[in-house]
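Lettered A, B and C in written order, each chain numbered from 1.
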Amino acid sequence: MIRRSLGLFIGLFLLILAVGAVLGVPFTTARLLEAAAYALIALGLNIQWGYGGLFNFGIMGFMMLGGFAVTFISYPVNPEFWGSDGPWMLGRALLAFAFGALLVFGARKSTRLGIRGGWHVALTILAWFTAYVIYRSQIDPAAAYIESSAGFVGGLGAHPVLGWLFGGVLAAAIAYIVGKICLGLRTDYLAIATIGISEIIRALIKNMDWLTRGTLTVSPVPWPSPLAQDYMAEGYGDTASLLLSRGGFLALVLLVLAIVFVLIERAYGGPWGRMMRAIRDNHIAAASMGKNVTARQLEIFIFGSVLMGIGGAILVSFVQIHDPSSYQPINHTFLIWVMVIVGGAGNNWGALLGAIGIYFVWMISEPLARAIFELVSYVSTWAGIGPIPEIESRSAQMRVFVLGVVISVALRYAPRGLIPEYAGPRARN
Amino acid sequence: MAVIELKHVVGGYGGAPILNGVDMSIEKSDIGVIVGPNGAGKSTTLKAIFGLLQVTGGSIVFDGEDITNAQPDRLVPLGLSFVPQEKNVFTTMSVEENLEMGAFVRRDDFSQTMQWVYHMFPVLAEKRRQPAGELSGGQRQMVAMGRALMSNPKLLMLDEPSAGLSPRYVIEIFETIVNVNKEGVGILMVEQNARQALAFASRGFVLANGQNRFTGTGAELIADPEVARSFLGG
Amino acid sequence: MSELVFFFNQVVIAGAVLGSVYALGAIGVTLIFGILRFAHFAHGDMMTMGAFVAFILAVGAGALGIQTPIATGFIVLPLAMVIAAVLALGIDKGFYAPLRRRGARPVTLLIASIGVTLMIQGLLRLFFGTGTYSFFDTQPKTIFRIDTSAIGSTRPLVVTEPQIMLILLTIVVVVALHFFLTRSRLGKAMRAMADNPDLAQVSGINTQLVVRVTWIIAGSLACAAGTMLALDVTLKPDLAFNILLPIFAAAIVGGLGQAYGAIAGGFLIGFAETLAVFNWTLVLRPLRDVLPEWLELPNNLALVPTEYKLTVAFVILVITLLVRPTGIFKGAST
């Protein structure tokens, strides 16, 4: 097993070296950095699915939360907003929200006043509706005012690493709410519910222009480490600055990844990990042994989501642009699933290998497809059929197909992944 | 000629075998009853015949044809029917639809058979439009047997037909089984109510640890002091 | 009266159209769940794939110079449905059947359906790019404007040819499905297998055949739903991914495994969505002079802004799951 894993990692290393040789070192460093961020997210899913058996199809939503969080924290302060009536109006909307929450809470607790059955349901619905109307009556004008007077609320101008942390916190908060509502559901219901949540998060972040600038995008989101321009200003050459800046960022991300990896690997080997596996494999038996299954599952769902939030934040920091319309379930949610399934669910080394390996496959299938198309196009032109139109956009889509083939082959021939979970002969198909 | 013959059948669910060499032979006129302690492989024997688990040794011959490891969709047309112990009706479907499902393999007109089943179980004729899930336990058992008879079987296999029924229904079900047998259908059944079932069995098999321990007519087995002491509770 | 006609156009017709698409899709999802016990996430892409099959056929017919009185998309639909059914059978044989044979858990099949989603998406985009297409590039979309001045309205009742065809098709499908499931041998066998797969096997029901029939129905209905949606709006590779959530919501609300529930759920979600995004101001405008000063009508009085239409299906889904997890028609229990 160890030898096989070692072989696979050496193979991956060689693949990265080959990509570096063909496509250049700066390109490869950038891809490696993104792959490390994806590895963080894949570890998050591995905690949820591999450890906990919780189906999360809403990864994209948590990544978007992270992306928004880092933009909000690290983007420079917008003085126009703070100088206007905006904060005051937002404060009122916040009060309206709190009041609405109180109303709903009160209605839910109204059974204590002897209101039961149909009346209780009616009162709860009425409270929700009233709260919704009150909140909308405050937030709608506030949003319109901010958009027209200041564009959007801007950022807080703090350090990006703080933004990454806030991404984790925000993801945790949403995961708590989602988990409270949905974790009792069966696997396939949980899958569809989390898809719904991530689509709603996407709709919100895309359309709350006053907060996120929506489709107008926010850039440049600052880096946590010096930019290439900074090195150039100090007199370094172009390539050297690019390498130094990206190398610095990469080192930071790898540090985060290493810390997270060591922590969860230790937790997994300890009593906590054993309990989680027991719950996953037979939650009824675990519950009968006095384990609080629901609380543990909520814990796991939150932990996993935190990593997804941080990973999403790092990616936005790196590309320096927060563009809500660039998020797609295929590129975010499903890509991560392929990483974890191919790598080996339940094994952190497997998730790591899967994340970096699949990300490189994902990145190089485009140039590879383009090369193939160009060859075919050359032949077809020579044969008199004419060239293939739109090679650029077509080869970009080729990787989606490749991803589908990869996961189908993996499920068929290596259902437990490249580096399977090491716990005994118990087959998990 | 025997309608079914098991020769030294070995099999199980993939791990250690549960059946370690079962021999059995039933004529079409017989009522065969399998008894034995829990875990002896009684139900497993029926499932092995019906292709629901892997037979790794020995052979099963039905009506002159080797059916070792054959699947139900081949066995039912040959004339073999099986009534499982639990979940043996389609709860959301009407009684009549349940019977129709039993005749799924038949492409000829089965209305005669359905009349015959209704004649055998008059209460089902009354409730033909009712969902089977709304019936009582005893009536469900009748639906299950009726369903199995719809394919015109030569041999009907029943897994503990009296399980969970009140004593009144147990007698009724046993009477029905004897009647079905008189109509020319061979019976092979597993029973917990061993003494009661052996009383009308023409062939009795006592299994223990996946092997035959005693074989004889029902009356012989009841009379055998060793069988009575070890397997019939004194 | 104009307001009433407006309401009819915006809510009744739009809701029926949306509901029909959801219902046709949800039937497939619910049947696959009932028979194969897994949530088939590639269903939206099967719809898109079917729509593209119909599109190619329509373009091909146009290229051959075939002129049809009604939109070519409808004429080729039966053939497209046959092709889509064959494709669905192929997908099952290639990707799901080997996993079932191995005894894989339903959740593995669910993950396999992601693979199928990715492959269909990849191929569609490879061949068609990411742009939008229309069935009505070469022929006009017939729009019926029914004069309603008889009831004192200044607005006409507007309904398009694809919308009428879609609603008619849905009625035909629902009736046909009802007779298939309650009268035919195979339809009953399908219900039997959804009810109790082990007993169905023991009864000698050819379960392989039932699985094939399920894919044929699901594949052809997905093609019909996708084509109709594409005829009503436009055709693009991510056409159906966006309505995957409402379709699953419809199937779950109706009770997974229940064909009638899926139909009811489809229309419930369809109407709920149109009602939620409907701008009530336009209907309440006649009351403007009656209302007191402080209760001025805003310009947009929709319960949910259109951008958040998706939340409607989601909220209905979550409430159903929390209050009555088996759906309004009792669903499969596994």
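What we mean here is this: a contact is a pair of C-beta atoms (placed from the backbone, for glycine too) under 8 Å apart; a residue touches a chain by one contact, two chains touch by 3 or more.
Chain-to-protein mapping (UniProt): A, C = Branched-chain amino acid ABC transporter permease; B = ABC transporter ATP-binding protein.
Note that the structure is a prediction, hence the values are computed from the model and not measured.
Participant: Think of each chain as a node with edges to the chains it touches; is that a line, ring, star, complete or other?
Facilitator: Contact pattern: an open line, chains touching in sequence.
Participant: Going by C-alpha centres, which chain is most central here?
Facilitator: Located nearest the centre of all protein C-alpha atoms is chain C.
Participant: Have a look and report which chain pair racks up the highest count of C-beta pairs in contact.
Facilitator: That would be the chain pair A-C.
Participant: Please tell me the distance, in whole Å, between the geometric centres of chain A and chain C computed from their C-alpha atoms.
Facilitator: 29
Participant: Just how far, in Å, is the C-alpha centre of chain C from the one of chain B?
Facilitator: Each chain reduced to its C-alpha mean, chain B and chain C end up 46 Å apart.
Participant: Just give me the whole-number Å value for how far the CA centre of chain A lies from that of chain B.
Facilitator: Each chain's C-alpha centroid was found; their separation is 56 Å.
Participant: How about chain C: which of its residues touch chain A in the complex?
Facilitator: Residues 33, 38-39, 41, 95, 98-99, 102-108, 110-112, 114-123, 125-126, 129-130, 241, 244-245, 248-249, 252, 305, 307-308, 310-311, 313-314, 317-318, 321-322, 325.
Participant: Which bits of chain B are touching chain C when the two form their complex?
Facilitator: Of all residues in chain B, those touching chain C are 50, 52, 72-73, 75-77, 82, 84, 87-93, 97, 100-102, 104-105, 147-148, 151.
Participant: For a test of understanding, state which residues of chain C touch chain B in their complex under the given definition.
Facilitator: Interface residues on the chain C side: 185, 188-189, 191-192, 195-196, 198-207.
Participant: In their shared complex, at which residues does chain A touch chain C?
Facilitator: 55, 181-182, 185, 187-189, 191-193, 195-197, 199-200, 203-204, 206-207, 329-330, 334, 337-338, 341, 390, 393-394, 397-405, 407-408, 411-412, 415, 429
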